[in-house]
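In the two assemblies presented below, subunit A is common to both, partnered first by subunit B and then by subunit C.
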Partner chain A sequence: MNAPFPRRTLLAAGCGLPLLGCSARTPLPQNHFRLGVSGRPRSLDPRRATDALSSRLNRLLYEAPVDFNARFEPVPALMDWQQTAPLRWVFALRKSTRFHDGTPLTAEDVAATYASVLDPATASPHRGGLKHVQRVRALDGQRVQFDLTHVDALFPGRLTIGVLPRRLMKAGHDFNRQPLGSGPCRFVDANEQRTRLQRPDGALLEFIKVKDPLVQVLKLRKGELDWIQGGLSPELVRYCAARPELAVQWHRGTNFAYIGFNFRDSWLSQQPIREAIALGIDRAAIVQALFDNHARLAGALLPPEHWAGLKNWSGYPYDPGRARALLESAIGQGQRLSLSYKTSANPLRLRLAAIYQSMLREIGIDLTIQSYDWGTFYADIKAGRFQLYSLAWVGIKSPDIFQYVFHSQAVPPAGANRGHYANPEVDRLIEAALAAQMFAEQQRLYGQLQRVLAETVAQVPLWYEDQYAVLHRSVSGYTLAADGRYDGVLTMRRVQHG
Partner chain B sequence: MRVLGLLARVLVILWVVSTLVFLMLHLVPGDPVAVMLGESATAADQAALRHHLGLDQPLWQQYLHYLGGLLHGDMGQSLFLQRPVADLIAARFPYTAELALLALAVAVLLAFPLGIWAAVRAGRWPDQLAMTLSLIGVSIPNFWLGPMLILLFSLWLGWLPVSGADAPWAWVLPAVTLGTALAAILTRMLRASLLEVLHEEYVRTALAKGASPRRVVLRHALFNALLPVVTVLGLQLGTLLGGAVITEVVFDWPGLGQLLVESIQRRDYPVVQGVILVIATAYVVVNAFTDWLYGWLDPRVRRP
Partner chain C sequence: MKRWLWQQRIWIGLLLAWLALALAALGVGDTAYRVDLPHLLAGPDANSWLGYDQLGRPVWERLLLGAQTSLQVALAVVLFSAVLGTTIGLLAGYYGGWLDRVLTGVIDVFLAFPGLLLAIGLAAVLGPGVENVIIALVVVGWVSYARLARAQTLSLRSREHVLAARALGAGTPRILLRHVVPLLLAPLGVEATFGIAGAVISEAGLSFLGLGIQPPQDSWGSMIREGTRYLLVAPHLVIAPGLALMAVVLAANRLGDAWRDYLDIKTRSGP
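After this line comes the complex of A and B, so read on.
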């Protein structure tokens, strides 16, 4: 049969048609910044927000009574405070402030916000942090009084939830959909793909959801994004650092990665085996190879710069000879030990698991890696179904985390002592630190506590990963913070390149 | 009568699907409350939220509550986003439908010319070229093709946006990514079916009577070769309406697939149940439409 169709007709129909009329790249607006984030914020109501993205955006939308400085000490933000009795704290507004709708922010609003968090009907996840509050009330337009049931020297550091207008709370306003606070940025709008805020200078901050890290980088290269922070694989960070149109900023981080043990396991309940594992992992080599030295070796849950942090201790050194000797003393000469290690399905975590497996094989431990989706993995860890696992503590500021993680009464669901670590000395130190009224005394007790935790190898501290942001060269003025907060977007500006 | 029968079938399928999904979701390990409240929440807060969401009730009570809601047209409230599931699906479904139809259009635009070209030139180089192209199309995974298309058309040529759904031509790359794989299967199917029909007696008769080859292929042979192609198209449309997760993730297309995966990860039971119900409904409706199309294309398969 002869060809019934001219070739050109077929080619035109088959190829190229979808691309006709495609537009060229649009010029970058001067007062509009496009910021890439990997998800959408769970809640723009600060009473309900728990994820990092929501907390960081809520810092821009709302003002909280208290903030933290670089040593993680509570410092006045919206309010000053005074402890007028062992169980009474009075907070006073430092300046005249208005909500974005123009109404003044008063002590009544502060009291109503915290009363709302304490109300079980609000179902706020932050209620537990305020469990010692018996009563909160506004004394006048400027001052709020908190009455506690227990002595709590760390109390000011618990008032970090942004203040909402009492009038709107009473009216049942949905702050998640229409946030209204007194923070530096106003809420503009949000949909499935983006959340837009307006800076005091009128510039638009558009937080765009881009889930895939590779696509984030491609959008950054094309100029469709101006900034991304964290979430990339080490290879992608290296790639960005090598691109002339991109710049990578680094800052020392505080997120604490660790390996956890199950102390009910007959092998892992033995200190020599735990110590052998700690000595058998070459953390410095991992930090160098995988993170390009953009992480600090960790010795304890709180970083050394924390006011309660442990100074001059960065964990067990790599010593495979001693590790092997310790292991053999526990399981017998020439014997090998088989253990399982649970982790999430995150590619970087899996790669780390394979590295631990290889290193521990050298000292006589055969590690079986079990990886699950996050929900299953986390449920297993909480239920104590593991021998070894690895996780990270993110955004920890208060030292009462030690009670939550290491007190013998804090096994899930009461706390996060998932490995059932039980040490009467640690319990005593935690309770003494919580009851201490003097800052210096607390500092001493927490230091002592962390030394005991290190000596008993309660966990293997790994490292604090650095924070990083990748910026398109068309923007500057962004400053990173140790906890990854987004406050630096307030000073971001567009620059012209010739 | 046929409509009532279809409706009954749909209801039974949806009941079975919703029950299975409900049971499987609740049996999989993972706790939505733990995901929602994070690490620092106390046991009392977790218990309070669990009660608030009704997750502390026995499973059979939760099932009856869910089924009762469905009968009243209420798919429930997202545990995580605290918004009605119907609203979430209504926001995402148009994106999924748009991408599905555009991908199918791309597939048809690619597959029909290639398939017909391959069939009428069977055994010669156009046939071999078309089949090689379709083999490549089937073999390339979307998670690779997507970024390659982004590199070519967005970064090097600068013609199209990298991702998102807001820009005017944002649909092109995800539709081409999805459509390419579909086109490859359709091309092979169309070629095989058309080759079979082209050897029928009536085609030879039409040609002998002086009908032009173009008319014979398009008017006589193509219509008769369409039945298996329509079957594949129907299945493909059903799959696409369920959301193309990988393509949606690569191109940040806010469709049902992404919503489903995110909801499974955070154990947002009502949203997962709602999305799967919509996907099941889409499958059933598309299948019914395919059945109807059979009858229109070939009167022999019409029921008396």
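After this line comes the complex of A and C, so read on.
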């Protein structure tokens, strides 16, 4: 009697099956993209979102009245605007739009969203940006009127919060758990590990939390992820660029890295010491060695391409001889200065701290590095418990950031003047620029302001790190943006390789 | 004995190499700490045959400093643990009674708690640093010496030579030091050999977790921790300290095993 399967077939199957289990991943459907992110979004309610990931996902879920162009000028998105009086702005819907539940988006929804942000009960972190709004009301189904208490030429740029349906807000809907907007993507579901959105073409965008950069890269190589953006060490990006199954996209970035000072410190309140630190750090060498030249030296908080940015100034040059002379003029010949430097426990930030420590040692400054987990570090910075620290400003669009960061009245919690910088000239220029009506006048005043900040070494501008994304070869069509927004996932598509 | 030493030449050689590395670290200068931007994660060259780390520092010199740290910690932990544990075990075993019951209870409590977890907790409370690592590991490590010393003392205290010494009017310290402790040295030596391996791996573990040796001081554990972030691009950062750690722990454990077998008459004489 013949066996149903010959012995050799069984043997081959026995040997082959385990190998099949180790073969390449099962191909995903054409319309399913797995996107690696390092955490989960803190809030999918745009009124409360502050972290970069939440803001980027909320852009996909909700539409805001105003957006920004490449020069960081406010441009109409959902609405056009008109200043009808010095203290009055009227915004009008540009097109007929519907929320994802099918209900039409009206001016009532826009007014209700911004009224909700202004309501102290909402506890929105964006309320401060709208503090000059006295009243907001819908004039009709298409138009919303904002009455201000102060003249604010930058006002349109403040309306970048996504619009929510008034009906659901009144019903106390939890937008963080069940977001509902009118943006290009519809919310599907979310848990601790992933957030799933659906594109207008039905494609599924699955944002998967993978904390460790090394694991992100391994998953990308294996095909378990299609895309990651930012968060890798420069060497890992270089590694990805050399892999045939991966592709790296670069884009000039605008995130501003800097070293901040505590101006209440007896040493750091002295300008020669701050200048010595600025002159003692070889930023160009760091950018070349660590970032592979994928960063631009920064001279000011706003990048040069910003309409209010400072042109032709990229910060203090590396001059250790002059740095040492300045330091000795402040602390005495042959003396050394001991300072502490706080940073997060991020490996790249720690590496940079060790590099600054080494460079500043050469000019006579002994830097003690204090690294903490992000929560402790950020709490210390906000409370002013530091001598030196390093952070980055991410996604800055409006020049009113200067008021928030450098005005003497903007000490936390009122603003982000964490080092207690106080300069009457800077206060005057900030107030004059905010009150200026003419664009050219604003540009001139902001230019002057940034020059004063540079001359007084209000901070050490470091660089603007380039944005990058790493994609598996099986996807294409992604376009990177300077601010790192994820809008490019809307055009992502899967390609078949022979 | 000579034959036994010759049989263990590989393990003894590895431990001597560890000692040599630690001594060679005395000659390492500032270059081990100097950041060198052109050499970030660079491979081996004539100046550093193990390549460079993420700050351009030579891995070989950091390896030497790591050997020095691990040797310092291991010797200190074994010495203090052995002195403390043996003293407690001697007293418990020799006097017996309520003292023995109390000390045995304390030993049992320590044994019931996972050692490394206790060390992690202590290191977290005390804060990082070499001294605190040693304290944490001694707090965990004395127990095995105490248990061994107590068990041995219990059987030794009624031996004829001890009874004779007591009958001749010898005081307790003299009896313990002259007639009991010398007979404990061999088993305690075996325990110390295992203790060295345990201390080296525990120090590396604590440093790997960020609770041990802190920069700019070097430790094999912290080198491995830093290296894991660059595993794909610079595996030498993990391989070099990993192999060194493995070699020392393996050698110490194998030597301890061999010594224990040597002291065991039944094993030595064979069937």
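Just so we're on the same page, the second predicted complex is superposed on the first by the 474 of 498 C-alpha atoms of A that agree within 3 Å, B and C clash if a C-alpha of one lies under 4 Å from a C-alpha of the other, contacts with A are read in each partner's own complex, and residues count from 1 in each chain.
As a convention for this text, a contact is a pair of C-beta atoms (placed from the backbone, for glycine too) under 8 Å apart; a residue touches a chain by one contact, two chains touch by 3 or more.
The structure displayed is predicted, hence computed values, not measured ones.
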Contact breadth on subunit A, by residue count: subunit C or subunit B: B
Subunit B versus subunit C as contact partner of A:L214, first or second or both or neither: both
Which superposed partner A:P125 touches (first subunit B, second subunit C, both, neither): first
Touched partner set for A:G102, first subunit B, second subunit C, both or neither: neither
Subunit B versus subunit C as contact partner of A:S233, first or second or both or neither: second
Touching partner for A:G172 - first (subunit B), second (subunit C), both, neither: neither
Which superposed partner A:S358 touches (first subunit B, second subunit C, both, neither): second
Partner chain(s) touched by A:P347 [first = subunit B, second = subunit C, both, neither]: second
Shared contact residues on subunit A - subunit B and subunit C: 214, 218
Sites on subunit A touched by subunit B in the complex: 1-5, 9-11, 13-15, 17-19, 21-25, 39, 42-43, 50-51, 120, 123-125, 127-129, 131, 176, 191-194, 208-212, 214-215, 218-219, 221-222, 224, 373-376, 378-380, 382, 393, 404, 412-416
Subunit C - residues contacting subunit A, complex: 34-35, 37-38, 40-41, 54-55, 215, 226, 228-234
Complex contact set, residues of subunit A against subunit C: 213-214, 217-218, 233, 235-236, 238-239, 285-286, 288-290, 347, 351, 354-355, 357-359, 369
Residues of subunit B that touch subunit A when the two form their complex: 28-31, 34-49, 52, 80-82, 91-92, 106, 109-110, 112-114, 116-117, 120-121, 147, 150-151, 153-155, 158-166, 168-169, 172, 175-176, 198, 207, 212-214, 216-217, 249-252, 254, 258, 262, 264-267
